[in-house]
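Here chain A shows up in two complexes: once beside chain B, once beside chain C.
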Partner chain A sequence: MLDNWLPFLIYAIFALIIPASMMWFSFVFATRAHKRTRWRELPFESGVSTGPPRVQRFTVSFYLTAMLFIVFDIEIVFLYPLAVILHQLAWFGFLEFLFFIAILVVAYVYVWRKGALDWQ
Partner chain B sequence: MIPTPHIDWFALAPVNSLLAATGLALLCAVLAPARSRKAVTATLCGLGYATALGFAVALYVKSAHGHGVVVDAFRRDRLAELTAIIVAGSGILATVVSYRERWREDHIGEYYALLAAAGAGMIFFVGANNLLTLFLALEWFSISLYILCAIDRDRLSGLEAALKYLIIGGFGSAVLLFGSALVYGATGAIDFPGIAAAGHEHDALLLFGLAMIIAGLAFKASAAPFHMWTPDVYEGAPTPLTAFMAAATKTVALVVMLRILVTAFPGDAYVWTRALAVIAVFSLVIGNLAALVQKGVKRMLAYSSISHAGFMLIAVASSSSLGARALLYYLIPYAAMSIGSFAVVAARERELGVPVTFANMAGFGWERPLLGISMWTFMLGFAGFPLTGGFVGKFYVFAAAYRHGWTWLVIVGVLATLVSLYYYLGLVRAMFMRRTEDLQLAPIGGSPPRDALLQTAVVACLVVTVGSFFAVQPLIDLAKHAASSLPF
Partner chain C sequence: MREPWWISLIKAGVIVNLIMLAFAYTTWLERKLLGRMQNRFGPNRAGPYGLLQPFADLIKLVRKESFFPVAARHPLYIAAPIISMFTALAAFAVIPFGAGWQIWHYHVNGEIANVSIALILIFALGSIGVYGAIIGGWASQSKFSLLGSMRTCAQLVSYEVSLALSVLGVVLMGQSLNLVDIVNKQGATIWFFIPQLAGLLVFFFAMIAETSRPPFDLPEADTELVAGYHTEYGGMRWGLFQTAEYINLITLSALAVTLFFAGWHGPYAPLGPLWFLLKVFIFVSVFIWIRASVPRLRYDQLMRFGWKILLPVATINAVVTALLVVWIS
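Now for the complex of A and B:
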């Protein structure tokens, strides 16, 4: 009975440790003075300040990087199911996997040489 | 152990060779030194098309009995292979015509990479055997073409054309996708034979889906009343690309329309034959009447391509083995005449640096006799004169309609041909028969050097146009074997 729940327990412990450590570290490594300004009194909301929304202009580099991130990130998601059953698929799965990676590499080299990864 | 699918790599070889060319050209677009970039990527694109052509010919020879590959998603049969041959031939010619185009060359590597990708998508499209593959391949080549229209970022007309094509093409794709969803809803099948076997012929849902699929494909074939994008896009896109679109896109759209209607909707033939006849009449009337008043040569050719969509839809509408043969034969000289005529327009455009009109074609025939006589032949071919394949093509199309019992459609077609003589011969008159004071023999800025590559492509088109008249029997046999892949 307990065995079934052990992975969940470990997972839950990690889920608690990671955000707790982040909050703790932000106090430990804080370099600014401990003055209590109005903004610092507000609850921490995932880095988004809870004021009226301000009109902000992002440089286009953010969008470019975000789009490239999504493209490559989604493609990596396809590799997870393959990794789980790679032994059952044997050589066929491995070759298809390599082919997929090769396509990604072509795209990566193109993006890199085009300078889309340089921050301007 | 999971059973892995058997993949017939040979059947996919034409698509894969073009995809390999795309990948390599894309790498060369960023890795090759800027000086040799154009030569290297153009060579890769041309080699990709040549390899695809070789594989398609081999597949045609070795696929006498068509069968499905990749879990029946894709057909390996002579219909697909003959069309692949036409697409690959058009691709080689388009690559050659593009080479000396005068444009900003900061995306030249991407141009050739996308040209190869578009061809790969088209060849995949004609082999599609279910609605998913159909849509995937349609988007594959359409998106490549949208980008290609806008590849020369300095030309506003190109950007305008790309945007119009994107919006209207996207709308057409959405209609096709919605239609596919309705057909799936009605029959529970997405593969073409499965849809036919489901036996829901008189289902309103299925008929709605069928109508939307026809509309979606008619957008791509630029048949009226789904033609609105054609003149603007053909006029605004770079001329070598227009040549490729006019030849290859129309070819694959019509062949796929024939395949899906005959294999998936045989029970509804009484509906779609009539619908296609009406679309054909619309295309003939609108294409020919609008072409009469055009001043720009590219616009005239765009409307002429709409009227030719009408002629070829007559062949599809007759829903017979003869009709399929007529369509497949007609596509061969039609593709050659389209590429050839747009290539001649491209040559004049490069001399003048302005859009080519009837007025500034004056004297071109005397100035460049080879291109002039070729253009003359292409115009006669479009009009359906003997000594060109256009004559035999139209003859076969009318024979198919007559055999189906549609004499009225033959009469409409003949009247349309008569009207079309005015503008086709009008261009010949502009090139050869202007008064001396109208002649603009020397273009401003002196004559540019002769473009041997473009002339070679035009001569190749001329050979196919005239050759298809003299080699009727072998070509008809090719078309007959291809048409026998369909269940008539």
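Now for the complex of A and C:
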């Protein structure tokens, strides 16, 4: 079974070499500037130099989305193995499946009613 | 079926370069089709029909001045595009493109790696790909890059949920996470897009959002905002992000073809890879067509669509499929 991963490993090395070499080319073949001043390298937007961000705080919506993602993505990871053998588990498996979804729907409805799914 | 390691090596080298070529000509196809749909010619200067345009672009990008924002965190700033593109390329490894061939007395598999958790592997690599955007935005140390990367991240993770849930119906029917098994099952029974039409639609929308293509191209939104997480990138380093996006498009199109349209199956079996290529080509063209026709969504519309429409539809689809699978078996 582990042998099946050897071709993937070989392919993954290729998949790493290509972007790495492209990155390397971008240094080797780059045109050199005649004159380099510090101002050229400052981040800017529409002519206003803003510099690096000082306080790194974000809208709470981003955190909320991340939490929702973790909850629902883990749910799906749990469903995958069940889905593979559901035809063997038959009705017992299906009832468990429904039970799992039902608990999730409660959480989903709660999140919806709380307004967490609306972007603010 | 085992194959000797050197066949895997040759095949990996050939496939990876074919994907790069496919990427190059996807950009050409996109510009040409968009041009035609907008009543202009598109690229037509470099070579016949502008066919050398991708190579001209490559040379231009590589020749651009190597350029860093002063505050950038250098190792991460450089690593981010590589992560993005590595995950995009690596995901293709498990997609079957042919039935496998007997060449002389060696067996050549129709896929690079036949692993039992192929589907989970693809989604896992997709999740790691999000790090490319986050790290790139953060390491640039610019306010706009950082905000852009948060925006991208929120969009990608929101739609990843629907993307993963929409294929649950296919897993239920294919009874495997192995893409080779799923394709063979479709060849033996029915192409899954017929019973899984709802799943296909959800997958399709989630896929547009995952590859941040219009109308879900909020990570870039080039006509409204600064480019987003790759604002501070230029030259080939920006090119790597762009390449990753197009390769993601190709890989996810190939995944959709594999899951819903029976991969390499077609009317005449020996032409397997050709059917596969044709289906992927049609998928990619549809994406370009959508880009030309539909205006961009607003961010709150994007989030509402993902969480309030796609997710419930995908769940209901999974439940109904589970019921039918148990009923029939």
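Keep in mind that, in the parts below, the second predicted complex is superposed on the first by the 65 of 120 C-alpha atoms of A that agree within 3 Å, B and C clash if a C-alpha of one lies under 4 Å from a C-alpha of the other, contacts with A are read in each partner's own complex, and residues count from 1 in each chain.
As a convention for this text, a residue touches a chain if its C-beta (ideal position, glycine included) is under 8 Å from a C-beta of that chain, and two chains touch if they have at least 3 such contacts.
From a predicted model like this one, the values you see are computed outputs, not experimental measurements.
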item: Partner chain(s) touched by A:114 [first = chain B, second = chain C, both, neither]; value: first
item: Touch count on chain A, higher of chain B and chain C; value: C
item: Contacts of A:93 with chain B and chain C, given as first, second, both or neither; value: both
item: Which superposed partner A:103 touches (first chain B, second chain C, both, neither); value: first
item: Touched partner set for A:65, first chain B, second chain C, both or neither; value: second
item: Residues of chain A that lie at the interface with chain B and also at the interface with chain C; value: 85, 90, 93
item: Complex interface listing, chain A residues touching chain B; value: 85, 88-90, 92-93, 103, 106, 109-110, 113-114
item: For the chain B and chain A complex, residues of the former touching the latter; value: 1-2, 4, 23, 26-27, 29-31
item: Residue ranges of chain C in contact with chain A within the complex; value: 2-3, 5, 8-9, 11-13, 15-16, 20, 61-71, 78, 81-82, 84-86, 89-90, 93-94, 109, 112-116, 119-120, 140-146, 150, 153-154, 157-158, 160-161, 164-165, 168, 171-172, 175-177, 226, 231-232, 235-237, 239-240, 243, 299-300, 302-304, 307-308, 311-312, 315, 318-319, 322-323, 325-326, 329
item: Chain A residues touching chain C - in the complex, by the definition given at the top; value: 1, 3-8, 10-16, 18-20, 22-23, 25-27, 29-33, 38, 40-43, 45, 50-53, 56, 58, 61-62, 65-66, 68-69, 72-73, 76-77, 79-80, 83-87, 90-91, 93-94, 97-98, 101, 104-105, 108, 112, 117-120
